[in-house]
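Each in structure tokens, the structures are laid out below.
Next come two complexes built around chain A: one with chain B, the other with chain C.
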Partner chain A sequence: MALLEIENLNVTFNTRHGKVTALDSVSMHVNAGETLGVVGESGCGKSITALSVMGLIPMPPGRIAGGEIRLNGENLVTASDARMRQLRGAEVAMIFQEPMTSLNPVFTVGDQIAEAIMLHQNVSADRAFKDAVALLDRVGIPSPDSRARNYPHQLSGGMRQRVMIAMAVSCRPKVLIADEPTTALDVTVQAQIFDLLNEIQRDFGAAIIMITHDMGAISEMADRVAVMYAGRVIEEARADDVLDTPQHPYARGLISCIPALGKDDTELREIPGVVPPLHMLGAGCAFADRCDYAQERCRREKPALVNHGHHPAACHAVEEGRI
Partner chain B sequence: MTALLDVQDLTVRFAMPRPSFFAPRPYLEAVRQVSFRLEAGHALGIVGESGSGKTTTAMAAIRLVEAASGKVVFDGQDLLQLSDEDMRQRRRDVQLIFQDPYSSLNPRARVADIVREPMDLMEIGTADERHDRVEELFKLVGLRPDQLSLFPHQFSGGQRQRISIARALTTNPRLLVCDEPVSALDVAIQAQILNLLARLKTELNLSYLFISHDLGVVRHVCDDVAVMYLGKIVEMGSRDALFDNPQHPYTQALLAAAPSLARRKSRGYVRPLKISGDPPSPLNPPKGCAFADRCPRVQDVCRQVQPELETVSSHQAACHFPGPVNHA
Partner chain C sequence: MKDPTTVPASEGAEPQDDLITRYKAQSPASEAWRMFRRNIPALAGTVMLAIIVLATLYGTFLYNGDPFDIVWAPHEPPGATADFPLGTDYLGRDLLAGILTGGGPTLAVGAAAAAITMLIGITLGALSGFYGGWVDNLLMRFTEFFQVLPALLFAMVLVTLFSPSLWTIAIAIGVVSWPQTARLTRAEFLKIKELEYVTAARAIGARNKRIIWTVILPNAMPPLIVSATLTIGVAILFEAGLSFLGLGDPNVMSWGLMIGANRDYILDAWWPVTFPGLAIFFTVFSVSLIGDGLNDAFNPKLRER
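What follows is the complex of A and B.
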């Protein structure tokens, strides 16, 4: 049994365009000590997947319409609010995209980390603050004693993200969700954060779900990858398989459209068009309008995520051997 | 070949608030004696971390930020010496694409008006000619003429960036300053815009001053690259020289930090060159090399003497101990 299993998760939102399906039968799992990369363009549902696991989908307008999220066999979808509060932070923790806006500006970072520790462990405020300082040291913040007494605005972007990581790992969660943890950061700082996350995984044995739109980040961080498009998982496999032999035309496009270092194409392969809005999804494959291989069947029938020889991909063209 | 844009010793200073009533006013030197040349039809990439002064350099070069000293020779004329009215007339040769396609288009104007506005301001052509030009530009950047009367919010991020590009091209500029033109876009859309920029460069013989923090993007678009750190150029050269044979440890660290599909966790990839910490504050720049505190090759001389740009192998680097990665 995997540590965290998401099975046929359906999430809908009520919008002014009516009810839209943000997640459509999403299934994925992550084992202890493993990093699962979830990759896709904005609006593909990768953050909604993360928020569902954390029990942070705003309801209403959101609703988990079906499916299960099992942590060690316990279904989080049906768990009570009180139980979710116990689990959140202690068993599953999340690192958000924007370290500037997810830290409280009027408390020192040491106090904020200590608060997370005191919520879940029965320790004194003094003890918790000392633990917070130790954590800041662990995530590589120089002179952690004085930094713990700083407010978020006194820290650089990279240091704020380190504080977020320290807070997230403060109770040694089994699952750590990192939602685009480095998008607001410079490449050198991004590299430091990647290295830190990998180190923390080695030390704590946590499972990491890494949400990103960057295939380069996937390559450096992930053991397995789930590629999402318009609320569905369209390909899932070991990172090497997806990066070396992508099956779904969207996954192929995502990889070949990166202007990579050491790649001398005169023209980048582009994926034409844009992601369709969720309220305008038809009966067929959501990628059909942007796909070179789309045929009549693709517009009529949603492809299922099935292994067609290499690894699971949701594509009729792959199934029929047309690619 | 004569350079279209020849920037010499450009320095930009920002005044800071006085710490007390009688104290002298402190200045922040955002750009410190930067010199570079951009040939006609070429693209020069300026890369660096946030705060390195790459945007300020470009903005000062086209006089959107006031320079404290230096020369900006554009097509034989020093832009910094021009009167305001002469500069206004020159602006038709120099246009700009901003990073954020959401906030750089007037939400209350129809896109046809947005694209036409530079021609109105410059009083180019008759009303009919302007209208035709807008339609022509719309097709050139891959938009449909029937979208002309829509508002910016009715377009996606990539389409908005196409509108920005069309607007920048209205006056037939020779130099286009692109300030992180794709960093707000998804990768798939990013490729569309990069291909468009590459096509326009050849078709219209445009020159780009291309600011980006993404080395992959710069490698794809640019002919020459300048790497900036704390307001100074630390390494500059042709694209191939810089990417294949970087000499400055900062450039090497940047390259090592850029994510790449070739670096696999499954193969136990460990970054060979790590730099820690953040750049020093530009308010109080160190006496010696600004990179010294993060540099793996640092020696005493680095903290004392500021290195100047000198020719090293095939290009220029500002380092006391330049060399390939495994040199030190």
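What follows is the complex of A and C.
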């Protein structure tokens, strides 16, 4: 049994276009000590998947229409609010995309980490603050003693993301969800944050779900990858396999869009078209309109995520051996 | 230019220590205080209000006299006798004693009314903005009900129903002025609850109660503090208005009561209404200057000036 298993998760939202399906039978799992990368364009359902695990889908308008999320076998979808509050932060924690806006501006960073500790552990405020300072030291913040008394706006983006990581790991969660943790940071800081996450994972043995649209981040961090498109997982495999031999035309497109240094490519590649709005998804494959290999069957019938030889991919063209 | 504190973490700790201490303790509140200190009108308002408060608190120690005692001939103009520098009113009561003792109740009613306004307004506005849905609908209709009542008339009804005393006056003012605060609080909550640090607080397992009072409310405070300050000024005027209409507490001297009592003789003697009027004017003016100063201090767009 994997540490965290998501099985056939369906999430719908009521919008002014009617009910739309944000997640359609999404299944994935992550083992202890493993990093699962979740890739896809904006609006593909990566963040909704993460928020579902945290139990933070705004309801209404959102609704978990079916499926299970199991942490150590315990179904989080049916867990009570009180139980979810216990789990949040203690067992599953999350790092957000924007370190600039995900810290409360009116409290010092030390107080905020201490608060996270006190929510789950029965310790005094003094003890929690000392632990917070130790955590700041652990995530590589110099002079943690005085930094703990700083307010978020006094720290740089990279430091704030370190603070977020310190807060997320403060109660040694088993699952750490990182929702595009480096998107807002510049490249050198990105590398430092990846190193830190890898170290934290070694020390704490946490499973990391890394949500990103950056293939570089995937090759750096992930053991396995789930590629998402329009609310479905369309390819899932070991990171190397997806990077080296992508199967689904969308995954192929993503990989070929990575600009390589030293190549003579003068133009940046792109995948033509955009993700269709969720309320306009038809019966067939959501990628069909952007796909060079699309045939009549693709527009009629949704492909299932099945292993067609190399590794699981949801594509009729792969199944039929046309690519 | 990069912020000097943003040295990459990989570099050594020692050289930055002096920088860190120099940049220490820049809480949003201390930053606002720094801005406020530079604002001359706001500072003038603070000094003015401090003088008024000190005068009403300790003035009677220096200048002793019961404001209800008839001490001299009626309508003695100011300066006519050294004993009563501001003259006497239509009954021959000492005006300076009235102003010094009347300030306390006036300010107290203003502050208490503002506190009641904030208490009701912030509580209802916070719940309304945070929970949304039917809670919001219900509370906002309730708020609108109070908002469309003519404030002064409703306060008059309340005061006449529950015999006039400082407390009933403060409560009446609070009950008619909270809708604005509620709407302001609700608007701030609607804005702030969507921000990422609120989701982040949820993600560490904080419960709603905690998120409302310790995450969102502190961030919603700046406009509320400004509004509270201005409410004090409005409440003082309101109290004066009620007293002027004869609905003040007749047993407690207040500025409004002085104006109300002497208004019939304004053509014979200008001073019994003018001095308490000026006292009210300067108090409300100073409070407004402070409110404006706080508004500027909390507004990040004006920080750079």
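We adopt the following convention: the second predicted complex is superposed on the first by the 316 of 323 C-alpha atoms of A that agree within 3 Å, B and C clash if a C-alpha of one lies under 4 Å from a C-alpha of the other, contacts with A are read in each partner's own complex, and residues count from 1 in each chain.
Following the convention adopted for this analysis, a contact is a pair of C-beta atoms (placed from the backbone, for glycine too) under 8 Å apart; a residue touches a chain by one contact, two chains touch by 3 or more.
Because the structure is predicted, anything quoted here is derived from the model rather than measured.
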In the overlay, answer first, second, both or neither for which of chain B and chain C A:190 touches.
-> first
Answer with first, second, both or neither: which of chain B and chain C does A:267 touch in the superposed model?
-> first
Would you sort A:96 into first (chain B), second (chain C), both or neither based on which partner it touches?
-> second
Examine A:154 and indicate which partner it touches, taking first as chain B and second as chain C; both and neither are also allowed.
-> second
Could you say whether A:216 touches chain B, chain C, both of them, or neither, answering first, second, both or neither?
-> first
Where does A:180 make contact in the superposed view: on chain B (first), on chain C (second), on both, or on neither?
-> neither
Check the residue A:140 against both partner chains and state whether it touches chain B (first), chain C (second), both, or neither.
-> both
Enumerate the residues of chain A that count as touching chain B in its complex and touching chain C in the other.
-> 140, 142, 156, 158-159, 188-189, 192
Chain A residues touching chain C in their complex are 54, 56, 85-90, 93-94, 96-98, 101-108, 115-116, 119-120, 140-143, 146-147, 149-151, 153-156, 158-159, 162, 164, 167-168, 170, 188-189, 192
Within their complex, chain C touches chain A through residues 3, 5-13, 16-17, 20-21, 23-29, 195-197, 199-207, 215, 218-219
Listed in rising order, the residues of chain B that touch chain A in the complex are 49-50, 156, 158-159, 186-192, 194-195, 198, 213-217, 219-221, 243, 253-266, 269, 271, 274-278
Complex interface listing, chain A residues touching chain B | 35, 41-42, 140, 142, 156-159, 186-192, 194-195, 198, 213-217, 219-223, 238-240, 243, 253-255, 257-262, 265-272, 274
